[in-house]
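Common to both upcoming complexes is chain A, partnered first by chain B, then by chain C.
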Partner chain A sequence: MMLKNIRRNLIGSLVIVLGTMVLVPVVIFVWSILAFLDAATDEKSKNFKGIVTERWRLPSQMPFAYAASLSDGAASKPGDVKPEDSMTWQFYGGTLDPEKRTRENSLFAIATEPRKLCTMMDELDTLPPEEAAKLDEAIQEMERNRQAIIMGQDRLAAVNKRVGERIKLYGINYRDLDLELEIVGTFPEGRYDNTAAINRDYLLAALDAYERQTGKPHPLADKTLNLVWLRVPDSEAFAQVAGQILASPNYTSPAVKFETAASGIASFLDAYRDLIWGMRWLLAPALLFTLALVISNAISISVRERQTELAVLKVLGFRPWQIMVLVLGEASLVGLLAGLCSAGATFATVNLVFGGFKFPIAFFGAFFIPAEALAWGVGVGLLTALLGSVMPAWTASRIRVSEVFAKVA
Partner chain B sequence: MQISPALWIPAAALGAAAGLLVWQGRIPFRYNVRNLVVRWKTTLLTILAFVAVNSLLVVMLAFVNGMYQLTDNSGNPANVVVLSEGATDESFSNLQFTDAGELENHPQVARRHGRPMCSRESYLVVNQPIPDARPGRPERRFLQLRGLDDPGLSAAIHDLQLSDGGSWFSPAGVRQLPGPGAGSPDSPPAIEVVLGEGIARELGRDRSDQALQAARNRERLEVGDVFVLGDRPWLVVGVLQSSGSTFDSEVWAKRAIIGPMFGKETYTSLVLRAQDAAAARELKEYLNLEYKQAAVQALLEEEYFASLSQTNKQFLFGVIFVVFWLAVGGACGLMNTMFAAVSQRKRDLGVLRLLGFARWQILASLLIESLLLGLVGGLLGCALGSLCHGVKASSIVSSGHGVAGKFVVLVMTVDVDTLLLGLLLSAAMGLLGGLLPALVAVCRRPLEALR
Partner chain C sequence: MLKDLTLNVPEGDFLGLMGPSGSGKTTLLNLIAGLDKPSEGQVWVGDERISSMTESQLARWRTRHVGFIFQFYHLMPVLTAYENVELPLLLLPLSARQRRDQVLTALDLVGLSDRIRHRPGQLSGGQQQRVGIARAIVTDPTLIVADEPTGDLDARSADEILDLLDELRRSLHKTILLVTHDPRAAQRADRVLHLEKGQLVEQPEVLHEAAGARS
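Our next item is the complex of A and B:
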């Protein structure tokens, strides 16, 4: 009966489907961003990463002499805890055209240990086998050739180059330190679309060459280490490593701090807190409210147009609650199916066709729709349909048979 | 009260369409109004959907407007910002002390009391741990410090003034706080600072309950208040009237104190005040093309702040994306309402046709009705959204290079363009949502409708 009613009230059903199909993706976009940021700032209890940076200043600039001992978590005595893995980051900004620098011809690269790209970088350590193998090939090439660069796909397209081509980067932050690089691969589509990675040995060699040529060290030579990532097994180990680093006399000028990745990201996101609050508490509820109103309107109209039919059902012995369930069921069924289809289509289109959706917040360039979005779609479709149809269903169940037939007569 | 030229064309087009409908429509306007009143529940629900869409549009655009106001209003056309060559932002710039003297003595630089109007600045971003942070608040924040040699001169160049009761920090830049142990090595003197209004409010929020109870101003830090950063006390000696500029989120202190303290031993920028805007352009050209003594790049201050609008563009794109889909959803709701209205009034419309009204006159009448629904919802949505006008919010402005940017406190601004855009969107949604039902209605034959 519900299915027949849905088919008979085609315009109303189509409006609900269309409204749901249009608004559910927007809700999913908003929730995908919020869910990702919540996960990124949520302190983990096991297998988490910490970041060592300069204690006071931003951007953090530490001497490279810190790198070796920090990578060991400043472990110096028997019984000290060593991190499971580590990675150093040095930021190198360069442009392909020093005469006319633009966003398009500039890029920022992370100078690091090539092998650590696939063990320490978020999401690169959990790639599907095919993508992992492709990245591994590029990393092996970078280990063989220290002038290699791996680029994000958007950045590669922006500079209008291809894998296999050579580029010369003119230093932006490292003034007069130019690097000649060979593009050996790309990062998988998504989070690292605008990032690039180079072998840190090449940057360090270029700094040495600068000193040999000019007779004095580069101004950034003793400030070249930007941050060190450490992976520790649990919070206990984290606390112990943090204690080792903070107690070490080796890191006083400048002083350093060690914090969890979640805490570091939360600090960066603080600048966006009002925007995130607005997305969570204004935008998402307003979207749901609008959807519920559209559905409510459609169901109200449908109930009003079917007053006679509903009165006949009552005459035939239908109880008010049964009529209520009938109306609620119709709306819920349409909402649920539309929500599921919409979420499925959004998931497939965004993740598989477009490789994520671009909305740069802090250092996150692109977001993906999580698998949970299918449940969100069903939930949103069902919930808004139920909310929107409660009043019309209540009205339908209270229809007075005598009044309806009097009008008809 | 200025309307952007870009809005004139759609406004004129929609105004002309609405005018044409009213002028050519022969069916009394009362008829449409009564129809909407009789079916008040449906009308109300449709209007509410429009209110939600429009108020959201206004709030989101007010946020982006606030960001644009910051980047557009923070510069003076006669000011030239000098950074080290290649620096994309103040954070990455390093100018040697020796360069400043020569640059500021250029003849194009204006003078005040015989001194060149040059603001020597060291911009730093530092971590400030927040002990006993309240639940939901971060445990540390990034604080933007601007080290200056002469705060009065810098403020004059940036067109900023102090709030009543404040003063600039002293030439020493430090002051001994009264109390036990004052003057001892364990109790170093406090660093004098001038705060932007926005950061004074932010710092004020993180005070303990005890400090708040004793505070003279519970909303923000005031002159005489102290906060802690880098294991030192910092004494507020003045608060800037900086609302609506990027300086609103900055802490100004003596460069010679904070530079060495946080390891910034160079200037990051020099801001030169030229005689006028034309002289500023000439000075910029000279520094970029002819000046060879130091590797510097010069930008007009307005250009510099305009370059920080990349984030604004990204947010604006996000707003347009969301509003587009919301508008489609709202138009769906209106379409349904109008389909129902047309269906219920099938016989009325048939009678109108038999009375001699032409098809297009009925079409005009139905479109006027949907336009009316859209405009009423739009007006109410604009009114509701306008409540956010003047609300302060935090955000970031940046040039899009890496994660460098300025943390700012913006004032959400609802302007005429925003309201007009809201109304135009509502009118467009009304017309588009009503078009299909109206076409279906007028295509029906009169006798068929009456059967």
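Our next item is the complex of A and C:
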């Protein structure tokens, strides 16, 4: 009877379906971003990466002279712990057109050791064999040709270039430091769609060349090192390396700190704290509340229209709780199915058709809908349907038969 | 609404209730069927004091003991005739096969075996009322309560329904309470009670007419 009533009350059911299908994707978007950020800021206990940054400035601008010793975790005496692996980052922003700089003709590149791209970069160190082989080919080319650049696919499309072409980047943060690069490959689709990587040796050589040509060092020559990543096996090793760096006299001007990647990301996200808080505690609940209200309204109308039928059910012997279950069941079924369909459609459209959705928060590029979103959709659809239909269901169970039939008479 | 009212209905009796609008007929019916509770006094059906039952207990009691026939049939429009008649049986611990047997028996008794898959919208008024009657008797209740069962029917359909009620009373020996404005319907009853401003008045002349008609 539930299914037949749903079909019969088509407009009411449609209202619930439409409301769910519009609001569930928005909730999924919000939760996908929050889930990703939560995962990024979640502390791990084993095999995690730490970041060395400037203690008092963000973004960090450390001298490159720090790189070698920091890569060893400031280990200086027997018994000191060295990291298992390390990676330096220098950020270079450049544009293809200095006269008319736009978002599309600009890019942000990470200058690093090419080999570290596949050993230290999140997700690039765990690629499937085919993608790993492709990236490795590009890395090998970058090792042979220090003027090589590997680009994210979206960024490549935005600047309207292809693999094999040459580009000239005019420095944005490194004023008057222009780089001529050859595109040798792309990152796999996903997290690095809007990123690029270049060989740090080329950037360092360009800084040297600048000094030779102008007779003075580039203003950023001694501030070129932005991040140092260190991989440690466990939290004990992390604590030891942190102690070594803190105790070392080599990092005083500027002072540095060593924190977990999660903590580092969390610090970086501090600027977005209010936005994230608003998304988590205002936007998502507001959406759920709105959907529940829409459903409540639709179900209330349906209950009012079916008062006589519900009264007849009571006469036949249906107990109040059974009437309540009938109303709750109808709404829940519609909400559940609509939520599932909506979540499935969102997952397929965003991930497979659009390759993620762009939400420019911090340095993160595209966000993807996780597989858990299917459960979220079902949960949101079901929960809001239940919440929205509780009051109308209660009203239905409290129908006074004699009053209903007196009105009918 | 009802004042100082005492009424005994022997088992197997066919009792008619008449009276002007607002006299309390439906209220009395609702009390007997367990749809309302008296503000004072008691209501006994068989050896059960229904006036002291909770709402849930009353619902359970009604399923087993009361068959209600409505003036406007009140069938579920989304269900077929079969499914409408089956509704009360869903509340009883019966297997699907048992339910099927009882539904088909009830529909056969009212002469609608060939309409089991029809929805109310596909049935005439008389046929819908027959489905209503089948639904009322399918649980083999102690008491059948009919509130103006012919009120929405033409004369011919009304007669058919009344003939059916007569037949059911004879074959199933049910106690029937009939509220009606229709004197022809009232004539079918063993006795007729008249309600005036919430009080009962028995009308012997109606009883004699009914006896005369049967003989």
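Observations
FYI, the second predicted complex is superposed on the first by the 385 of 409 C-alpha atoms of A that agree within 3 Å, B and C clash if a C-alpha of one lies under 4 Å from a C-alpha of the other, contacts with A are read in each partner's own complex, and residues count from 1 in each chain.
The working rule: a contact is a pair of C-beta atoms (placed from the backbone, for glycine too) under 8 Å apart; a residue touches a chain by one contact, two chains touch by 3 or more.
The structure presented is a predicted model; accordingly, all values stated were derived computationally and were not measured.
When both complexes are overlaid on chain A, chain B and chain C end up sitting side by side without clashing. Touch criterion met: A:Arg103 reaches chain B, while chain C stays clear of it.
Greater residue coverage of chain A by touch, when chain B is weighed against chain C, goes to B.
Residue contacts after overlaying the shared chain place A:Pro254 against chain B, while chain C stays out of touching range. When the shared chain is aligned, chain C comes close enough to touch A:Val401, but chain B does not. Of the two partner chains, chain C is the only one that A:Arg7 touches; chain B does not reach it. Look at A:Arg144: by the touch rule set out above, it reaches neither chain B nor chain C. By the document's definition of touching, neither partner reaches A:Arg166: not chain B, not chain C. Contacts of A:Pro25 after superposition: chain B is touched, whereas chain C is not reached.
With chain A used for the fit, chain A forms the apex of an angle whose arms reach the C-alpha centres of chain B and chain C; rounded to a multiple of 10, it measures 90°. Contact with chain B, but none with chain C, is seen for A:Pro59 once the two complexes are overlaid on the shared chain. After the two structures are overlaid on chain A, the closest C-alpha atoms of chain B and chain C sit 14 Å apart. Overlap of the chain B and chain C contact sets on chain A: empty, with no shared residue. Taken together, the chain C residues at the contact with chain A in this complex read 26-27, 30, 33, 35-36, 55-56, 59-60, 62-64, 68, 70-72, 74, 76-79, 83, 87-88, 91, 135, 147. Put simply, chain A touches chain C in their complex at residues 1, 4-5, 7-8, 308-309, 312-322, 401-402, 405-406, 408-409. Contacts from chain B toward chain A in the complex involve residues 41-42, 45-46, 48-49, 52-53, 55-56, 59-60, 63, 84-88, 91-92, 94, 124-127, 138-142, 230, 262-264, 295, 310-311, 314-315, 318, 322, 325-326, 328-330, 332-333, 335-337, 339-340, 343-344, 393-396, 400-405, 407.
By the touch rule above, chain A contacts chain B in their complex via residues 11-12, 15, 18-19, 22-23, 25-26, 55-59, 61, 91, 93, 101, 103, 106, 108, 171-173, 175, 219, 254, 257, 263, 266-268, 270-275, 278, 282-283, 286-287, 289-291, 293-294, 296-298, 300-301, 304-305, 359-360, 362-363.
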